[in-house]
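In the two assemblies presented below, chain A is common to both, partnered first by chain B and then by chain C.
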Partner chain A sequence: MLSLIRAVIGRDLRLAMRRQADIVAAMFFFIIVVSLFPLGVGPEPEQLRRLAPGVLWVAALLATMLSLPRLFADDHRDGTLEQLALAPEPLALIVLGKVIAHWLVAGLPLVVLAPVLGIQFDLATDALAVLTLSLLIGTPALSGIGAIGAALTLGVRGGGVLLSLLVLPLYIPVLIFGAGAVDATVTGLGAQAHLSLLGALALGGVFFAPWPTAAALRVALE
Partner chain B sequence: MLEASNLECVRGERRLFAGVSFRLEGGEMLALQGRNGSGKTSLLRMLCGLTPAASGEIRWCGRPIAQIGEEFRSELCFLGHQNAIKEELTPLENLLSTARLAQEPLDEDAALAALELVGLLGREDLACRYLSQGQKRRAALARLVHEKRALWVLDEPYVALDKAATELVAGLVGAHLQRGGLAVLTTHQAVAVPAGSVRELTLGDDVAAQQRL
Partner chain C sequence: MSNKLINWFRYASPQTFYPLAGRMIPWFWGLAAIFGVAGLGIGFLLAPTDAQQGEGYRIIFLHVPASWMSMFIYLVMAFWAATGLAFNTRLSGMMASALAPTGALFAFLSLWTGALWGKPMWGTWWVWDARLTSELILLFLYIGFIALQAAIDDPRRADKAGAILALVGVVNIPIIYFSVQWWNTLHQGASVSLTRAPSMAAMMLWGMLLCALACWMYSIAVALMRVRVIMLERERHTDWVRALLAGRE
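Take a look at the complex of A and B:
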């Protein structure tokens, strides 16, 4: 079981390394969107500090959305998805492997970039730390929930737009608790409650999402 | 071993075939024939359990495949229209990762031997997107060399292959039948399989009502 998940992660990471342009594009999108805000709203530190959590989290959601359509589309096109669906093990395990690989490729770079970008918004050190921590806990949920949407829109014409319409509303709780954690730190309330709820969302997202995703993939393959 | 009774396939508003029944024992091969669009690929996907049949039942060792899903899939090797190889990976990496995903032990020497057999030695470190169509098909078919699972379902295995490779694949299928395996394949070419007994089933409008072997 574990060896299968490891094999899927290994394969997807290797493929991602051969196609680094995708990862770099999503990272630059994140950097640029976040950097546009200080230019647009002006340099008052007080205002920027208030905006920072929301801006960084919304940009993280959008950057994750960029890579979601390809989560299953490539495998679907070249026939490997059929092979995965015909593996003796449950398809949900394979999906779990793909979700983990997606997070490593699309989520983890955002976590690493966030503290650097947060400096543009004049965030204090403790707020930066909580921002990074909230992204570290929250981005796996984005990959898990996104996988359901990616599977449901697989093979649909104009699936990219439909995917955003399906998935972005489901991201709202993650956004609220993620940005809320940083806000709570800035205002001195403490972020623990927000982070706990975010952790619950992430655990739920990563471990329950593979089952509906697998069901949706089987429908798409019919 | 593999038994299909009264299979019906409906695609959209059209009925492609109905009443298709056959029985296949170890060492036997079913050659599916029929014009384009007669439902050959749909039938193969039904046999794999990818597409549910509109009516009828498929049994493996006497039990419906829908019930024994995982047990059945561990006996099944499916090679579809698409090659199921990753363009970014080399033939060797493709072969090894396919084996790993199927939870089958395959070491690098065995994989290289398989690639040598299908004539891809010297290309094993080249990303598959640089290969020709026929070479990609060879890379996909290389997994049959060490394939021990009992039921092979092959969709147009000879497409894009040259004469030597076609005979090679027919030889692999023959050896598989000789080991007591089963094979179902579609083809438009008459290719003699060196061993095992071959049954033929033709799908088409005129015989769609009742086709029995």
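Take a look at the complex of A and C:
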């Protein structure tokens, strides 16, 4: 079981590494969106500190959305997905491997970039640490929930826009608790409660999402 | 098993359900009109003016039923979606897609009437409190469901994909319902409960319940009308639809 997941992760990572431009494009999208806000709302440090958690989190959601359509589309196009669905192993496990690989490729870079971008917003050290931690805990949930949307819109007309319409409402709890954790640190309340809830969302999301995703993939393959 | 008294699956076929729905629709319209007139009559003429909120509170006669219906219709939709996935019945998916626009309408009405009420009472059209936000998410879920079904050409695939989405979104319903208890927010708690005496005058309660019944009957009538159209559209290649349309001309 573990070897299957490991094999899927290894395969997806190898494929992603051969197309590094896609990963870099999503990362720069994240950087550019975040950098637009100080230009749009003005450079007052006080205001930027207030906005930082929300801006970084929303940008992370959008950057994740950007990489989601490719989660299954390439495999669908060349027929790999049908072979995976025919495999004797449960499709949900294969999906779990793909979700983990997607997080390593699309989620982890955002976590690494976040502290640097947080400095642009003049965040204090402890707030930066909590921001990075909240992204580290929360981004797996984004990959998990997003996989459902990616599978539902597979091969559908106007899939990209539809995907954001389906997935962004489901991302709202992650956004609220993720950005709330940083806010709670800044106001001195402590981020413990928010981070715990975020962890629960991530575990629940990654654990349960592969089943509806697998069901949606089977519908798409019919 | 063929000697059962009632064949539960008899009306699961569009061919038999179509005339049945046609016969039921006028009744539900009639009931909706009666309950609506009675509820609004009590609400506007008989119910006393609220001690704290004045006349403005009377929006609850639409607001509360609309909010209830928006949540309840989603549950019914998810129920039909699950039935469709489990038993692979054609009619279930049609019922789910027939219910979605009515549910979206009620979610929107609930938000809109809430805003109209919030302006004089809270002094603002909109606050980002838990219940308002989750009702807004519910509206987004309806829109997503409708958009997903509209984007897929094959109706069977649209039904199944929509069903999975509806079941994933069902998580949101308890969050909306209990949000006022879980988070201490601006929106007041439930005024009506089955287990304790309601915290409002009996006349207001009756008005509200009658309006809720009216919304209920309206939803059933509209959903049945819509499902009849969907049935004709999807079954247009079958003999019974051809015979029906030929007989009508």
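Throughout what follows, the second predicted complex is superposed on the first by the 222 of 222 C-alpha atoms of A that agree within 3 Å, B and C clash if a C-alpha of one lies under 4 Å from a C-alpha of the other, contacts with A are read in each partner's own complex, and residues count from 1 in each chain.
FYI, contacts are C-beta pairs under 8 Å (C-beta built on N, C-alpha and C of every residue); 3 or more make two chains touch, one makes a residue touch a chain.
No experiment lies behind these values; they were computed from the predicted model shown.
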> Fit or clash for chain B plus chain C once both are placed on chain A?
Replying inline: fit
>> Quick check on the superposed pair: does A:E222 touch chain B, chain C, both, or neither? Answer first, second, both or neither.
In response: both
> In this superposed model, does chain C or chain B come into contact with more residues of chain A?
Replying inline: B
>> Contacts for A:T153 in the overlay, against chain B (first) and chain C (second): which applies, first, second, both or neither?
In response: second
> After the superposition on chain A, what angle is formed at the C-alpha centre of chain A by the C-alpha centres of chain B and chain C, rounded to the nearest 10 degrees?
Replying inline: 90
> In the superposed arrangement, which partner chain does A:R14 touch: chain B (first), chain C (second), both, or neither?
Replying inline: first
>> Tell me the contact category for A:L4 with respect to chain B and chain C: first, second, both or neither.
In response: first
> Which holds for A:Q83: it touches chain B only (first), chain C only (second), both, or neither?
Replying inline: first
> Upon superposition of the two complexes, what minimum C-alpha distance (Å) separates chain B from chain C?
Replying inline: 7
>> From the superposed pair, tell me which chain A residues show up as contacts to chain B and also as contacts to chain C.
In response: 222
> Considering the complex alone, what residue numbers of chain B touch chain A?
Replying inline: 48-52, 70-71, 73-74, 76, 78, 80-89, 93, 97-98, 100-103, 127
> Can you name the residues of chain A that touch chain C in the complex?
Replying inline: 148, 152-153, 156-159, 162, 165-166, 168-170, 172, 212, 215-216, 219-220, 222
> What does chain C use to touch chain A in their complex?
Replying inline: 85, 133, 137, 140-141, 143-144, 147-148, 151-153, 156-157, 160-161, 164-165, 167-169
>> Which residues of chain A touch chain B once you look at their complex with the stated criterion?
In response: 3-4, 7-8, 10-11, 14-15, 18-19, 77-80, 82-90, 94, 221-222
